[in-house]
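In what comes next, chain A is part of two complexes: it sits with chain B in the first one and with chain C in the second one.
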Partner chain A sequence: MLEMTIHEKACRGCQLCLDVCPTDCFTFDEVTQKAQVAVVENCIECLSCSFICPSLAISHKNHHQVKNFYRNIEFSRRMEKFL
Partner chain B sequence: MSGNKVRLNTEWLCDCGGCHVALVDLHEKMLEVLQSVEILKCPVLTDEKGYPEADIGIVTGSVRTEHDLVAVRAMREKCKIIIAFGTCAVYGGLHGAGLAHTREEIMDYVYRQSPTTKTDTIPHNSISALAKMVTPIDEVIEVDLYLPGCPPHAHYILQGLSSLINETTPRVQRETVCAACNRVMKKTDVTEIKSPSEGFADNETCFLSQGYICQGSVTLDRCLAPCPNHGIACSGCAGPTMQVLTEPTRDIRTEISDRMSRLTKIPYDTIKTHIEKSAKTHYAYAMATKMIGNKPTFLIQKWIAEGEVL
Partner chain C sequence: MDEILKKRRTLQETMNFMAALSAGIEPILGRGANSMTMSAGRKLGRSFSAKAKRTEDLMQAIDEVRNILEANNCLWGFEPFKPKSQGEFVTYTPEGDAQLLLVFRDCMIRQALLRFGHPQQGSLCNMMYGFFAGALEAIMGKKATLEIKHAGENSCLKLLTVKM
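Right after this comes the complex of A and B.
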């Protein structure tokens, strides 16, 4: 089952995720001024929200991973060594 | 590594020395670290000229001179784990911006033209000559771990060192500086890009929303966002996010332009062109690394080829 989480403390309330999501998975909480995941079932795993989020605060779990053939494998491996 | 104390070497290549000061920023937590760590070589603490055998080797700074090259190779030989510590070691650092100039230009400015310089001679034998390129250390030796940051915040240093000493997995955070910033990002009707010296930015609202270029959203958080939280836009000192590094189509200028154009009324292309015009400032910290330099969207290789005969 797909899981989508927003790190609440990191959310700056810019609503860019609401703008880019093609299937309207998010809602905006006017009180806390933060985005929330409303209907995760709608998610088509395009990861647009994850890429547009200025804080990189949106993360997906158990999503279908497509191999990125254009990615630089050597540099991607270095990312595993980051502290 | 339990039982005996972990032996630690640190070495200082081409950098400002701030990373070694950052180690002292651990304050009283330093005492905790010292209970399980023995410092054998540290340029600011010990009078050790050689390279003793050690478990962990912290290397700060990038390779720009003959001395740096010899030192970094000796560290690799004697240390079991090498940590590229600080932005200079990981990406080449701020002086990577020197790649936009020839060595002659740099030497001439530093020793002759600089307003604070009184001499008129360029030293020949008292210092190691500048190499053609600024090189991050992982292009010279095998690096085991990376800790970017200019300097890395004591929080991340302690987290990294203690997980190494206790043999636990560190929680690697991939969030950006925005994640630690307290400003609110909101959509505004701003139509023009402002220079940092123009007016005073509102302390509650995001710099991008107000028309100021801030690199927070494209910079890895290894600092806990002190600058934007104190009224200064982020200059990207901890280097680009993993997203920018691994995706060839995503770059510092395109990511900022994308977000800023959605937050304000400034068109995407206007912002992109603006950042391109001041590229040396915005790309300075990561210019020297191939992770950025080899991007199809980046022109640094062309600039260097024009300036230096490789």
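Right after this comes the complex of A and C.
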């Protein structure tokens, strides 16, 4: 099961994660002025939030990670017929 | 092992070559580049789906497209997505067109080109739109569009619309 966490002390409250998330996983807490994970079930694991976060406060666990062709032996074997 | 490493490099270079071709045609043809790759994708989708099972049901048609891709060793998996607040996968526009959100994780562009600086949502991405349009045209007998809602670093969210 996917886990997504925001490091509370690292979050600067810039709201870039709220802007970039296509499925509205985050909310903004007006009191603490920090982003919060609201609906983790909506996360499509695009990782745009963790890439855009200026303080690297967002982390994901148990997510699918795209492998590059040149690193993925299994993929290379399956693609042999196109070479 | 050396043989596999050689094949990996060859595959990567093939994709680099495709990216160079795509980057080269875009400034010259403009939006025409997208039409060209869309048309190529549609032709591929139609020919791959020539013997596919015909259905009127969108979810079954999507499964059929997945089978077609796998049968042709195209391991660019996708899955239907619905936000938690939404009841069903398939929604309908006021005009009556069926819509379905799809998440694409592995694809040729992200796997081979993203880390080499090739931009997303270009003419190569448009080929997948063409593929879906062609495949669904053959399977459902209906026109379809595949709009990129979000191109992320690890997955993309696309909106499939089928004219009913």
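One rule holds for everything that comes next: the second predicted complex is superposed on the first by the 67 of 83 C-alpha atoms of A that agree within 3 Å, B and C clash if a C-alpha of one lies under 4 Å from a C-alpha of the other, contacts with A are read in each partner's own complex, and residues count from 1 in each chain.
Definition applied: a residue touches a chain if its C-beta (ideal position, glycine included) is under 8 Å from a C-beta of that chain, and two chains touch if they have at least 3 such contacts.
All values reported here derive from a predicted model rather than from experimental measurement.
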{"item": "Partner chain in contact with A:T23 - chain B first, chain C second, else both or neither", "value": "second"}
{"item": "Chain B versus chain C as contact partner of A:F51, first or second or both or neither", "value": "both"}
{"item": "Partner chain(s) touched by A:V39 [first = chain B, second = chain C, both, neither]", "value": "second"}
{"item": "Chain B versus chain C as contact partner of A:H63, first or second or both or neither", "value": "second"}
{"item": "Partner chain(s) touched by A:T5 [first = chain B, second = chain C, both, neither]", "value": "neither"}
{"item": "Shared chain A contacts, counted only where both chain B and chain C touch the same residue", "value": "51, 68, 70-72, 75-76, 78-79, 81-83"}
{"item": "Chain C contact footprint on chain A (complex, rising order)", "value": "22-24, 39, 41-42, 44-48, 51, 63-73, 75-83"}
{"item": "Chain C to chain A touching residues, read off their complex", "value": "4, 7-12, 14-15, 73, 75, 81, 83-84, 103, 105-106, 110-112, 115, 149-150, 152-157"}
{"item": "Partner chain B, residues of chain A touching it in the complex", "value": "7, 9-10, 12-16, 19, 33, 51-52, 54-57, 68, 70-72, 75-76, 78-79, 81-83"}
{"item": "In the complex, chain B residues that touch chain A", "value": "83, 138, 143-148, 156, 159-160, 163, 170, 172, 174-176, 178-181, 183-187, 206, 208, 216-217, 241-243, 245-250, 258-259, 262-263, 291, 294"}
